[in-house]
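What follows is a set of structures for review.
Two complexes are shown next, each including subunit A; its partner changes from subunit B in the first to subunit C in the second.
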Partner chain A sequence: MSVLSRPWLWSWLAAAAAFSLTLGLTSGRGAGELGYAALSFGAFAAIVGLGQMLVITLGPGNVDLSIPATMTLAATLALKAMGSDPGTAFLGLVIALAVGFGTGVANYALIFLLRLPPIIATLAASLIYQSLAIWSNRGLRIKPPSGLADFATGRFLGLPNVAWVGLALAILVWIVLERSVWGRWLLATGQNLRVARLAGVPVELVRASTYISVAVFASLAGYLLASFSGGAALNMGQEYLLMSIAVVVIGGSSIAGGNSNVPGVWGAALFMFLVVSMLNSYGAGAGVRNVLTGTIIIAIVIAASSRRART
Partner chain B sequence: MTLSKMLLSAAGLALSAGLAQAESHMSETADKRIALSNNYAGNSWRQAMLQTWQEIGAQAVADGIVAAADAYTTSENQPTEQAAQIQNLILQGYDAIVLNAASPTALNGAVKEACDAGVIVVSFDGIVTEPCAWRIAVDFAAMGREEVDYLASRLPDGGNLLEIRGLAGVFVDDEISKGIHEGVEVHDQFKIVGSVHGDWAQDVSQKAVAGILPSLPDVVGVVTQGGDGYGAAQAFKAAGRDTPLIVLGNRQDELQWWADQRDATGYETLSLSIAPGVASLALWVAQQILAGEEVPKDLTVPFLKITQDNLDDALATTSEGSVANVTYSLEDAQQVISDAK
Partner chain C sequence: MNDHERAPLVSLTDAARHFGPVRALDGVTLSVAPGDCVGLVGHNGAGKSTLVNLVNGGLAPSSGTVGFATGGSALEAGVRSVFQELSLCPNLTVAENLRISHSALKGPNWRRPAREEIGQSLDTIFPGHGIDPNAEVDTLSIAERQMVEIAIGFAPRGSEARLVILDEPTSSLDAGIADQLLAHVKRFCASGGAVIFISHMMGEVFQVATRIVVLKDGKVVAERPTEDFTRQGLVDAMGHVTADTAETTGTARDFGKEVVRTDQGLTARKGEIVGLSGLAGHGQAAALARLYLSRSSAWRAGKAPEVVFVAGDRQRDGVLPLWSILRNISVSILPQGARRGLVDREGEARVAQDWKTRIGIRTDDVANPILSLSGGNQQKVLFARALASSAPVVIMDDPMRGVDVGTKQDVYAMIRAEAARGRTFLWYSTETEEVCQCDRVFVFRNHEISAELTGAEITEEKILEASFEMQEAS
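Then we have the complex of A and B:
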């Protein structure tokens, strides 16, 4: 398989193009600044995108629409428990991840016990999570402990800490998918559920663990985002609903499932930030920006999928 | 009965006689029921709005001014959903509906149905264009102009501005932005060199500003729509740039940041916003209409302005993580009504 036929290549090419077009405007000034910002904000999209990728890999109809609400609920409860007190960052992390685990279990319970299609189940559940977030804190913004805020906005070896977290998770997901039995089970389930079941794959176990993983990823992203931006807000997860699906598709994973692509998710996450920055820098209005973003996404998806079809 | 007791009761009688005069427009509405139809609850402004409604409404019910003041919020912020909600409220027999609408035009059909059924409809913040409804609007364009006027007074030499807009496609965003651009035409020493959409959310603004900053020349001022000032400040800090003059909104974290900067470097700016307590004004206006008062269809509320002088007062009355607020009384409503006549 040649390099050109790798579906993740296109998201990275697009990100690089958006990056250089923006810098073309400034004749190269601010490259470091822009790259740093892209890595910081891209990390959140990459983390939720990795989770969404696992679910989408499960096959047609599998998607988690409760990601924004899970992010908001996890962040709200974690920041409330921490109450800006120093030394509580770990407690907050545990609470956030526990919330994620809980929403993942609840999502899967709705899907498995009530036989609801995942789209309906996760959308309905997200209303409950969002309401819980509203009810628990009435939208008050509590600042993260200063140590945690410094970590979330800080850097290590010149790269943002949140990007290191996103990178570590990407490597972990890649190893699990490529090198573990569970990853093979997941791909087999996504390619054909019935065949996988007949071949002895514990498909329901795979599905349950996948829905729990995506919720845990979302809760981690929420926890980091709230620490990064100075507190949880009720609408903080909103833009990550479409974002999480977009980065999976642009990244070259198959929307029909059974085929996932870890490096593409990161490329797409960077691209999604850079394309908006590029269009903003060129002074495009909101309407033009949305149309162009949509057109570019379609073009990348076509490029990535037609290459794959030929191999 | 002792003399003092007699005096007291006489005074009490006189007092209640005076109150009866003032309350002449209250007893008539004692059996009226008012509903709030709200399209969205997912941010701190809306939460403060709902809380104000709850407090003022409960007090009004306890005082016997109205029979009920219930709040209903739709979950998905969709006009279709809110139209169905309004139809339900008509069927439930409310006498007045106070409305924060998901769309200025899409609810007109449902609002007309309410009017035809004899229900008073008072829209505020998100207003409706249906002529039979009352509108309590903020002059958003004036708010945008005032931001630029303020910048002109502080920076007479002018310079480059960054504009942070709200949610694309929303009426309020268009109006404030229009006002800002009108202001820049008047004060032509300013130039808007970049414009991003921050969706009135802190983290979205921070992201958008961080993305456009590398391509911008020096920026002396940032014009905003509220809720986004703190995020802009964070993005400037992360990029290692000097903090420009950022016009702020009314979120507590913005005001706290302002106070910290003021104490550290003598930073001076201005905060312009719409107080979520405007819901209480709408409640009183609805009560006045139900009481038979002549009320013009278009009312204007002043925006909430916080300056260097009253920053500490505003911070003291704003709970942590919330938004600066003003609660309107019946007298304020009567004042607004008589101003509009």
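Then we have the complex of A and C:
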């Protein structure tokens, strides 16, 4: 397979194009800052995108729409437990991940026990998670412990710490998908659930663990985002609903399932940030920006999928 | 009754239909005249459905001709078909279902004549049926749906039904209702209509048919008036008696303890090759799928699975289309040899390479996509997947579809060798020849086991006998 036929290439090309078009306006000044910002903000999209990618790989109809609510609930409960006290960062992380684990189990329980379609199950469940977040938050805005905030906004070897976290997760997911037995099981289940079951794959175990993984990823993203932006807000997850799905699709994973693409998710996450800043720097208004963003996404998906059809 | 002077409603002259290299119908000459009731019998794959589709205009012949009385289409000639697989729309009422095949019903108040017409047709065929034309079809029982379907077949629908094809019409009807239908078929033929009657109930065929046509391997092997047939003669005509294959299975072997027993009564012992036979769709595949699902888990996968499955319906049950040949083979053995949850990539490559040569998968590289293979070679991959695993019980759901003769012989030999080493095979096949290679055979009829045959009893005749209902339809 040649480099050109790799579906992740397109998201990286698009990200590079948006990057250079933005810099074309400033004739190269501020390249470092733009790149740094893209890596920081892209990291959150990449983390939720990696989770969503696993679920979408499960096959048609599988998607987690409770990502925003899980992010909000995990961040709210973690910050409340930490109460801005120093030295509680690890406690907060454990609580956030536990919340993610819980929502993942709840989502899968709805899907498995009540046989609800995942779209309905996760969307309905997200209302409950969001309400829990509102109820426990009560309008308070609690600052993260200063050490944690410093970590979330800090850098290591010139790159944002959150980007390192996102990168580490991407490598982990790549190893799991490409090298592990569980990854093979997931890819087989996504191609055809019945075939996988008849070939001896424990499909329900795969589905359960996938829905739990996506929720844990979302809760980690929520924890980091709240620490990064100085506190949890009730609408903090909002934009990550579309974002998580868009980065998977632009990244070249098959929406039909059974085929996933880790590098593409990162390329798409960078692109989603860069395209907005490009349109901003060209002075496009909010409306024009949305229309253009949508158009560009569609164009890239078409380019990536027609590429694949030919190979 | 046999008024053959009258022009035939439909006449086939050397009509053949090929699907690729498969000769589903291989030159059939047949004519049906008013007053005829033709009983059409034959084993699975004999070409009954293809013949029906040629007569009702669903398929065009590859060669030869199909001519209708009026010179026009099957529809104009008044040819109607009633299928066993119910074709009603469950969300519409009985009367509305009539409208689907009755385009003359128009205008704002079309439901009223529709109700009258279907009601009349039901009353004629099944007096005292108790079916409300306004009832939605999904509120009806299977038998009632079948009755509605038959009534729609015989309803005038703007013209007149001249030739009605009934494909296994009584399989879901009880004896009383079936008698009403048979009586109506006789009346219908006596008054100048014609019927092609397909059934596995021998008694009914003898009761109603004026002529019996026996199909085998796409050819008419016998066509005689009903009174010239005996039941045994009919069964003999359907299947050829192959003494040679029956002999080869006579080698008695000692089997180990029983390893499979289902509620239905399906049993298998260690090292035994157990065949499942009977007409297609009589519950064999479902029984095997149930057995597989009950002996494996959707939550756990150990290093030593109890059962493996070889699919015959490759697309639905077997092939993982996005993957290479290698990954398709190794999916069943992933937990074996895995270290810390990671796949043993050298091990799986070795296994795939080994099976590529053992079973002769025609490809230069097992890394090629599975879809680059022909159907028969894909089937070999599925065999390799199952045999590569260490599971003691192998379940095979008609696994030889599209496999060429040479490979079949290789696979038979491989199955026998594996069985000799203590593996148990459960093998459903639509080809009686294959079933005759088994140590023991269960014949299915209407989702139940109708016979258990062992050793020398396993002959094509005996299997056919058990597949068809031999009693009188009382």
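The rule we apply is simple: the second predicted complex is superposed on the first by the 311 of 311 C-alpha atoms of A that agree within 3 Å, B and C clash if a C-alpha of one lies under 4 Å from a C-alpha of the other, contacts with A are read in each partner's own complex, and residues count from 1 in each chain.
Methods note: contacts are C-beta pairs under 8 Å (C-beta built on N, C-alpha and C of every residue); 3 or more make two chains touch, one makes a residue touch a chain.
Model, not experiment: these values are computed from the prediction.
Which of subunit B and subunit C touches more residues of subunit A: that partner is B. In the superposed pair of complexes, A:20 makes contact with neither subunit B nor subunit C. Touch criterion met: A:235 reaches subunit B, while subunit C stays clear of it. Touch criterion met: A:141 reaches subunit B, while subunit C stays clear of it. Once the two complexes are overlaid on the shared chain, A:192 sits against subunit C while remaining clear of subunit B. By the document's definition of touching, neither partner reaches A:295: not subunit B, not subunit C. In the superposition on chain A, A:37 contacts subunit B only, with no contact to subunit C.
By the touch criterion defined above, A:259 reaches subunit C but does not reach subunit B. Look at A:204: by the touch rule set out above, it reaches subunit C but stays clear of subunit B.
Shared contact residues of subunit A, touching subunit B in one structure and subunit C in the other, are absent.
In the complex of the two chains, the subunit C residues touching subunit A come out as 289, 292-293, 296-301, 305, 308-309, 311, 316-323, 327, 331-332, 334-335, 338, 341-343, 345, 385, 389.
Looking at the complex, you find that subunit A touches subunit B at residues 22-23, 25-26, 29-31, 33-34, 37-38, 40-41, 127, 130, 134, 138-143, 153, 225, 228-231, 233-236, 238-239, 273-274, 276-277, 280-281, 283, 285-287, 290. Of all residues in subunit A, only 179-182, 184-185, 187-188, 191-192, 194-205, 254, 258-259 touch subunit C in the complex they form.
Interface residues of subunit B facing subunit A in the complex, by the touch rule stated above, are 41-44, 46-48, 51, 75, 165, 168-169, 194-197, 199, 201-204, 206-208, 210-216, 230-231, 234, 238-240, 251-253, 319-322.
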